[in-house]
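Read from first to last, the chains carry the letters A, B, C and D; within each, the first residue is number 1.
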Amino acid sequence: MSAATAAPLPIAADGELRVGVLGVGRIGRMHAELLHRQVGGARVSRIHDAYAPAAAAVGTQLGVAVSDSTAALLAADDVDAVAICTSTDTHVELIVAAAQAGKAIFCEKPISLDLAEMDRALAAVEAAGVPFQIGFNRRFDPAHASVRAAVVDGTVGDPQIVRISSRDPEPPPLEYVRHSGGIFLDMTIHDFDMARFVTGSEVVSVSAQGALRIRPEFAEAGDVDTAVVTLQHENGCLTTIDNSRQAAYGYDQRVEVHGSRGMAASEDPRAHTGIVRTAAGEHAPSLPHFFVDRYTVAYLAQWQAFVAALRDGRTPPVTAADGRAPLAIGLAAGRSLRERRPVSLAEIEADAASASGSNGASA
Amino acid sequence: MSAATAAPLPIAADGELRVGVLGVGRIGRMHAELLHRQVGGARVSRIHDAYAPAAAAVGTQLGVAVSDSTAALLAADDVDAVAICTSTDTHVELIVAAAQAGKAIFCEKPISLDLAEMDRALAAVEAAGVPFQIGFNRRFDPAHASVRAAVVDGTVGDPQIVRISSRDPEPPPLEYVRHSGGIFLDMTIHDFDMARFVTGSEVVSVSAQGALRIRPEFAEAGDVDTAVVTLQHENGCLTTIDNSRQAAYGYDQRVEVHGSRGMAASEDPRAHTGIVRTAAGEHAPSLPHFFVDRYTVAYLAQWQAFVAALRDGRTPPVTAADGRAPLAIGLAAGRSLRERRPVSLAEIEADAASASGSNGASA
Amino acid sequence: MSAATAAPLPIAADGELRVGVLGVGRIGRMHAELLHRQVGGARVSRIHDAYAPAAAAVGTQLGVAVSDSTAALLAADDVDAVAICTSTDTHVELIVAAAQAGKAIFCEKPISLDLAEMDRALAAVEAAGVPFQIGFNRRFDPAHASVRAAVVDGTVGDPQIVRISSRDPEPPPLEYVRHSGGIFLDMTIHDFDMARFVTGSEVVSVSAQGALRIRPEFAEAGDVDTAVVTLQHENGCLTTIDNSRQAAYGYDQRVEVHGSRGMAASEDPRAHTGIVRTAAGEHAPSLPHFFVDRYTVAYLAQWQAFVAALRDGRTPPVTAADGRAPLAIGLAAGRSLRERRPVSLAEIEADAASASGSNGASA
Amino acid sequence: MSAATAAPLPIAADGELRVGVLGVGRIGRMHAELLHRQVGGARVSRIHDAYAPAAAAVGTQLGVAVSDSTAALLAADDVDAVAICTSTDTHVELIVAAAQAGKAIFCEKPISLDLAEMDRALAAVEAAGVPFQIGFNRRFDPAHASVRAAVVDGTVGDPQIVRISSRDPEPPPLEYVRHSGGIFLDMTIHDFDMARFVTGSEVVSVSAQGALRIRPEFAEAGDVDTAVVTLQHENGCLTTIDNSRQAAYGYDQRVEVHGSRGMAASEDPRAHTGIVRTAAGEHAPSLPHFFVDRYTVAYLAQWQAFVAALRDGRTPPVTAADGRAPLAIGLAAGRSLRERRPVSLAEIEADAASASGSNGASA
């Protein structure tokens, strides 16, 4: 029996899902606020952050209990599910611990920068049979979701080419970049997920190109800031992704699927719908600045989907497999960039199996 | 000394404005939720509704106290400001009572369907010197606001023609229409406000045309469901407004100002930015269905402006005069429709003065 | 038997319609060039212009014969149809003469500024049984035509409100305005035609408002440069038209029909589809500057329709009645503006009948 | 002294450039009609086509002389320039012959499918010092040209990523594909040109991926029908191109440049600007069907630029080098696809030099 059909977890007597939030930095705090105030059927019951003042501030703001430790939070009776919003290097241990504690798990992406580590986390989830959802929030954006819907319902026919543009408004600091796993695991990973999401087809080969055009100092971290990646899917579809760490005009996030019968696309929204026309032409406002502006609706819908799935005993809509595949693609992209050749996913998996094998005794 | 420069009201020790909400029907509940959960620097401290179960439900949901009566709410120490969200026929009495209780006042539009009654309410506000804001939420829509900004900063030059389209997705029930004051006071009143807002110029004459095309039974209420109104402004600008009680394609809300140097317009947003192209052409999603979908951002900004004005001791941005003028324009529009001729605002004011004079002894 | 079903006129042995162009000023020259070079099945066979050098230049350019006089052109065997592109005050006499000469007639709008004179011209056309088309070119614009199509095929349901914006980029000289019949007969006449075209319903009443905001000196000609006109149609639809003699941002030409099931609109095209996005927002190019830029495709389609109708023995698609109705509406608009009241078409027709009756002996 | 600054050729006494058109199939006939009827300062003086009836038909239609042979046309005194619109395999010989005859040359793309052959043609042009222009018409599209302009004037800053979509509405017949040189030389060649045009930077490396998704039978010709190509430019910019032989929704042609300060894009035009909104959403018309619909304005501007350059003694704006570079890129793309690796342009040039060297004795 798969975890997907596990009975719903115990939920509070009032029928609300009680969520413990681990990590209330920028993204964790946003999740906590959304969950507590705007998601019907759920509330934040406890929070924890290694930096106690942050936890205290959010606890006061939302009027929720602060746990002194992760262990305390995981042991609490009034926690049905956990939201893991800490730094990436802690995700695997927290997933394992939460699974062993029998909690439903929501984890921010990426789970890990290492396939073997990820597999360890996912094995723990599988063993515990707890519901698990990975935070690929863009799947819940109504425009991106409409692109997938147009594939699923046959409107665009068989997908042949996918174009994804994904640009941030500003590059992160070098210090962040050093531990990020590189642009493909930090940023493009969302696009790898999107490519799988809209085509419904696995990726078999990756060809990546990159350049340093924005922050030459990222060379110290062995990273690039500008990239174009081409994916080949199992069904023959080709996906082209372009990324930039700095789009002067805002947060540029577009997806297009071209198929045998038509195309579907999600265009960039503007900050509002006002325009001005003069002899100089037409002027319209900028794009939303960054992900909070663009994707709040998606973050909300992501939580609503998680809560609904748990309530109904269904598998949450973004699965462990959905969390794993983009990491493998990202590793292939990194190798392709370094070795200047297309890299197959089979090669990445073979290496992982071999690495895992050599560690087999302890696994 | 004007109320505008009154010292800020006492505010809770934690620095939050404590708001008592009178009326928690559809619109009141929306205001209460926004205020309590999403407006920084404010919280709902008490609510009251003549229908006790509604008050109880919202009180529980938000975790705020329920007052048994309007008087009790107005007498409470933990209420700095009131939000009047009851039916129109109660607004004047509630404004008078709240003003006498020294509370800052936010009132949903319209204040009254009668000029003399409105003047009585506004006189009470003036006498008490309390801050007052009327709920013309569309002024806070970023797109409509950008149109006004393009006039104020000179980009479009002197306004010459304004076009306003305002259509609801579905007509209200006949019973509602009977007490609504008619389409001009119930619906077009927002557009009269918008015409003043974007031009910065008072209206001097009104010419209205109407038809029954959607709900023939509105004839029983002496109302129309389709209307075109032309306004002449003091500065020579002409505004044309068109209204419909039923736009099959959603909530259509657009404003355009054409001036000597250019034009500015607020276009309709779509539900999202996804599109589909096939041999049949391009398909994009519908407009937002109704005001909650379209104007949540504006409702939020409206509250933020109210709270900020009170905190800073400034006049709230939509004044008593802004509440009064559209009523006079609406009365002129009704007369123009009935008498099939342009009607000047001077004529409406003269009649009001005369009615007020004849009632003078008792006033 | 109506003129509409008259047998096709004799056409040249090579099957081309031979057109004589009367008047080769700006608009006549454009028609001559389009007809001669881009309209399949037609060619210009002769031209005439009272200003001989203009005729000579165009004759040389196109390689076509120049006639010394209107009479000579009308008497020529190699002229199947005439295009009347002279000044408005000559149209009636030329129509009468061309009809008596048995030529098919295309005439630029307006036919006349006087209803009785127009009726004299149309009577001559009727008596001669010659095909006749009036130059309301905007009917042939693909976007405006798509609006009508969406009414005709039922997509938008019963028309309830029509909005028409029509703005020129630059005002004409005062000298032109003096003889133009005023803004309603010179400019709005296109919009009156459009209102009838897209609704398929006659106009019964007109209410006009105007202002002098651009060229104060037009007061000498008794004219306005800014206007808003409301029309009531026989079927209950309301049309609101706004006009300006000067839109700083280009040639603004939009039509919207709102009906019981939806809406259809023709938006302004841009000069091209290039855009630029920077931190300052999005910039797109201006509208086409004026009618030649916007409507060349429509002018071409207009001629193709005329030629096709003649070839097939069908009534040309814009009839004598279509030429007459907008004049009556324009006269009503002028009276409404002067007398500050709605004016019915019945009143205009009664006056025309009375004027015609008093001239009856000579008619 | 370069050919670019050669004195203008003799031109007819009336100041018009007299053009001889070689090949009046679909594209040649279009060029002949545009040139003869709509390009000021030029006319078609002679035409030739190996298929005599085609030449006769176009000659009659336009009223121009038909030459019996290419040689006769090239020998004629009334031919200042030739337009080479025949099949690709004849281009080199015709260029050589025309250059030796001292005629200015316009040649449809591609010049040749073979670099050495192309160099032979370009050497003949260089030797004769005649003006030469290659038919990359898309450079003259106002929207694409605006993208380049935004790079040249610095608005978008340094180009970092270029995205080009180019899709035809329908695949050509297999027979055509067999002789086309494959998708990269037949179709993508326009995009290779566009990448150089908008970035102003040469391409140094090419990585291509392709698939057969539309016409499996193209496998017989060793071709693909769906492709994604990534280019690396000398200045570090990355260009991603996606092509399809069949876009169900029309002729999709878009270019975007993302740079350090912003982005510029050419969007797809629609057939017209009409829209319809119903409860089902918004509907807009399709894209133009194919190149004649989309690019007529560009074809016209291309001829105007050629004529103006000749009249003014300037180098025509799309040079021999512009004709050569995309062929080399296309050859690299083909090799990359076959060998599944990135291919540098240096490698292609080295091979060409080597091939040329081995043929050196006879060259």
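In the analysis below, a contact is a pair of C-beta atoms (placed from the backbone, for glycine too) under 8 Å apart; a residue touches a chain by one contact, two chains touch by 3 or more.
It should be emphasised that the depicted structure is a prediction, and the values quoted were computed from it without experimental measurement.
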item: Option in B-C, C-D or A-B whose residue-number contact pairs overlap A-D by over half; value: B-C
item: Selected interface, B-D versus B-C, where C-beta contact pairs are more numerous; value: B-C
item: Separation of chain A from chain B, taking each centre as the mean of its C-alpha atoms, in whole Å; value: 41
item: Between chain B and chain D, centroid-to-centroid distance (C-alpha), Å; value: 59
item: Distance between chain centroids, defined by C-alpha means - chain B, chain C (Å); value: 43
item: Two or more partner chains touched - positions in chain D; value: 248-249, 261-263, 277-279, 285
item: Of all residues in chain A, those that touch chain B in their complex; value: 37-38, 141-147, 150, 155-156, 261-269, 271-279, 285
item: Touching residues (chain side chain C, partner chain B) in the complex; value: 157-158, 160-161, 163, 165, 167, 207, 209-211, 213-214, 226-228, 230, 232, 236-238, 240, 242, 244, 246-249, 252, 258-263, 340-342
item: Chain B residues touching chain D - in the complex, by the definition given at the top; value: 248-250, 270, 277-287
